[in-house]
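For reference, chains read A, B, C and D in written order, and residue numbers begin at 1 within each chain.
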């Protein structure tokens, strides 16, 4: 029993280190990529190529006084950042990094991740409602309707996928995609399940963007309108934890996309050995696209965002679902 | 989409789009009474950067007020120098040599492109897109270097004098400008692909913030705001001054009157300004740069004079009342954004906050010019 | 049908936009790394004014006529001179420029008959207090010996 | 053409003023312009219709009409019917004559025709009816003129200070204003 316990503790430490390290260094990646897209170079002063910049940011955030303005609901104000970070880190448990590198091989892994994904929205709501700031309240109203609108297409595409591979356990799903890249769900399913899978991949990617309030859908922290949206009243580590939560969510979203569509730790060519490396490469490629999108597009208009989901994404994912069901029925 | 606001008893709250807010370029405060996300009533509050230029005008000599005109709208400062120089020359009856007129037009148009580039970057930043701002600044930097090599200043020029300009332009300014125009022409399609044709931006701007011609007339809006609502009014064509009649350029006019129309008017205006600069450089005559008999101490005859110029944001007018002494008796600065902003409270009723900010972005505000 | 082609043209415009930014991503950097590299100022750059060194006498060319003091719109120049025997005209003893109020308009340089003052080229003038910006141009000239 | 039309319309409102004219031989009653004979000076009050069409190149406007302050609203109504738009409202403090002059600038989109409407009110109690009902843009212009000169625009919806701080009771542009 003890080695199971040790294994769990080791995994726990690994996961938290992975989440914290990722949160810090994704900030660095984002600022470097944003810099080069805008023909400037991003952080360079602190350490070689600015590599120590995230540490400097971390120290700065921690040294700042955590201000709790009066007129604020103290419990909600303090709980909110945790409610964003904890579910994100929790859902790392079921992500299969490698062949045996999965903390818990949970049968309903996918369902667990989606359950946690909806909790972080609650964190944002409580945070902005707790901070009794007009801008934050407006941001809260937006974030809720945005996340509801984008939860449904995400689940629909996931269901279509689960129907095709009839397993909710991420580990099995990834092992099903063994063999070359043509075995990955993205390509295999287009021939075996439904021709709409590439579009389903795009929809899943867009909804993942919206779930983590990123890029064209950043309603939670719309700098140019709502000053800083839900995070207006937070300073010091409160803001830092929100930030880590947001980046952890992006990592989760990217990891999920790789597992479901791009065959987690499977190597693209059959003779190459599988391994964690492939998983990380694919995940960081998706994170690069997320950052790339953020620095290219303006923010969508709030109603266009909702229309996009209700009138475009949901119908297409429904069609995808029906086509998959029909295809499976026939063959 | 606009909520027809019937009675005021709805449970509304007052939101301060405070003097310190990312989307108000400068210190403008808008008191918004909001019902949820919809704006019930907006009331801009001015005066945070009011420096009383008009009183300064009354206790300085005519020539000493020139640096103040550059501080009104520091993004297109040369047009304001031009307006003041024109008014004083009209009052005193000074003849400006041909070459000086050409230099004035070329530098004013360069300044207009710089102002539009900055507006373009800041406007897309208001809508959330960060990158175009830096591309636009990259181009604008070249104009500032060009103007710095001639005038010595980058933003608040004090380059025009009554009867001409401070010093002559040299050859590398001419080659520099031609090279700049070639470069900007090659980058304009990139701007249009990245921003104008982008579906997200089109959805953000198409028929948002309609401003009708009748509203423009009641509020006295001028410049790209007016030309976005289908009225072909540009002081350079309507009331030709300096050597503008010699250039053939056309005035972009869009009839939809929404934010997209005002956006496209300014983008096309950059193209027209480039045409003017090219023709100006081609026809640049030789000769003196300063009027031969420009009086050192200006003492215009009694009476009042009015001169209007097409600044980047609209028609900038100056009314001088002189009582024959060497200091102006009264100096009225008619700032275009003052009238453009006055229609904001009527135009944004019933809109949601992001659209109201998009509308404010298309009005292209420079707050020091409103507050004077 | 408009629904679909608007959808396709929309997504196409999105991909075009991303194509542009990725092209820019690989282009060289345009910015100047300021503290390490600096750009030389153009010849006519207007820094704060400074006295011109007179090649023969090594001193300044100022005849203490006070025109610059009178012409300055914000009154930031105070000039003082004294009559010394054996010297024609006045000798400059004090030339104080209050740079906090100067708007760099050039009225002084333009109206200076003997051309005794010109624009300097230095622009990084960080100073701890307001008094740090009150320059004594005479001492500066001697300082540059 | 437009200048003639608006001139006819406004001539009914123009005020006739007594102007001291230096002249000897009684010139024919000057309807339009105003002749000035030189030889010997006799100061005479001559009724003069205050409606001039100055040369645009020298002055910058086409028509200059002086109107009684009560008729400002009527003049504004005439101008908006002929599609003029309001450019600016300027206050001028003539301290020597103890009067404040309010100058309205109008211009037209299609044809270049700048019309200037002037009114004079007494300096101690400046009263001018507001035209913000007709030209909503005048709302801000009038508030600003009130800020700087203390001209009380009767009927103005909200005459609180626009550019000066809320509790400002001083009027900076008056000639006798000491900081």
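Quick note on the criterion: a contact is a pair of C-beta atoms (placed from the backbone, for glycine too) under 8 Å apart; a residue touches a chain by one contact, two chains touch by 3 or more.
Source: prediction; values computed, not measured.
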Checklist entry - With respect to inter-chain C-beta contacts, which pair, B-C or B-D, contains the greater number? => result B-D
Item to check | Most distant chain from chain C, judged by the mean position of its C-alpha atoms | outcome: A
Checklist entry - Chain with the smallest distance from its CA centroid to the overall CA centroid? => result B
Checklist outcome for this item: Per the C-alpha means, the centres of chain B and chain C lie apart by a whole-Å value of 25
Checklist entry - Where the centres are mean C-alpha positions, what is the separation of chain A from chain D, in Å? => result 67
Item to check | Gap in Å, rounded to a whole number, between the CA centres of chain D and chain B | outcome: 28
Checklist entry - What is the distance, in whole Å, between the centres of chain C and chain D, each centre taken as the mean of its C-alpha atoms? => result 44
Checklist entry - On chain B, where are the residues touching two or more other chains? => result 131, 135, 138, 194-195, 198, 200
Next on the checklist: Give the residues of chain D touching no fewer than two other chains, as numbers and ranges.
Outcome noted: none
Checklist entry - Residues of chain A touching 2+ other chains? => result 37-40, 295-297
Checklist entry - Mind giving me all the chain pairs that touch? => result A-B, A-C, B-C, B-D
Checklist outcome for this item: Within their complex, chain B touches chain A through residues 1, 13, 15, 21-23, 36-37, 124-131, 134-135, 138, 194-195, 198, 200-201, 203-204, 208, 352-355, 357
Checklist outcome for this item: So, in the complex, the side of chain A touching chain B is made of residues 34, 37-40, 134-135, 138, 141-142, 216, 218, 222-227, 295-304
Checklist outcome for this item: Residue set of chain A touching chain C in the complex reads 33, 36-41, 44, 292-293, 295-297, 312
Checklist outcome for this item: Per the touch rule above, chain B residues touching chain C in the complex are 60, 63-68, 71, 131, 135, 138, 145, 148-153, 156, 158, 166-167, 190, 193-195, 197-200
Next on the checklist: Could you list, by residue number, the parts of chain B that touch chain D in their complex?
Outcome noted: 46-47, 50, 52, 54-55, 58, 87, 90, 93, 216-221, 231-233, 238-239, 303-308, 315, 317, 319, 321, 329-330, 332, 334, 338-339, 342-343, 346, 371-372
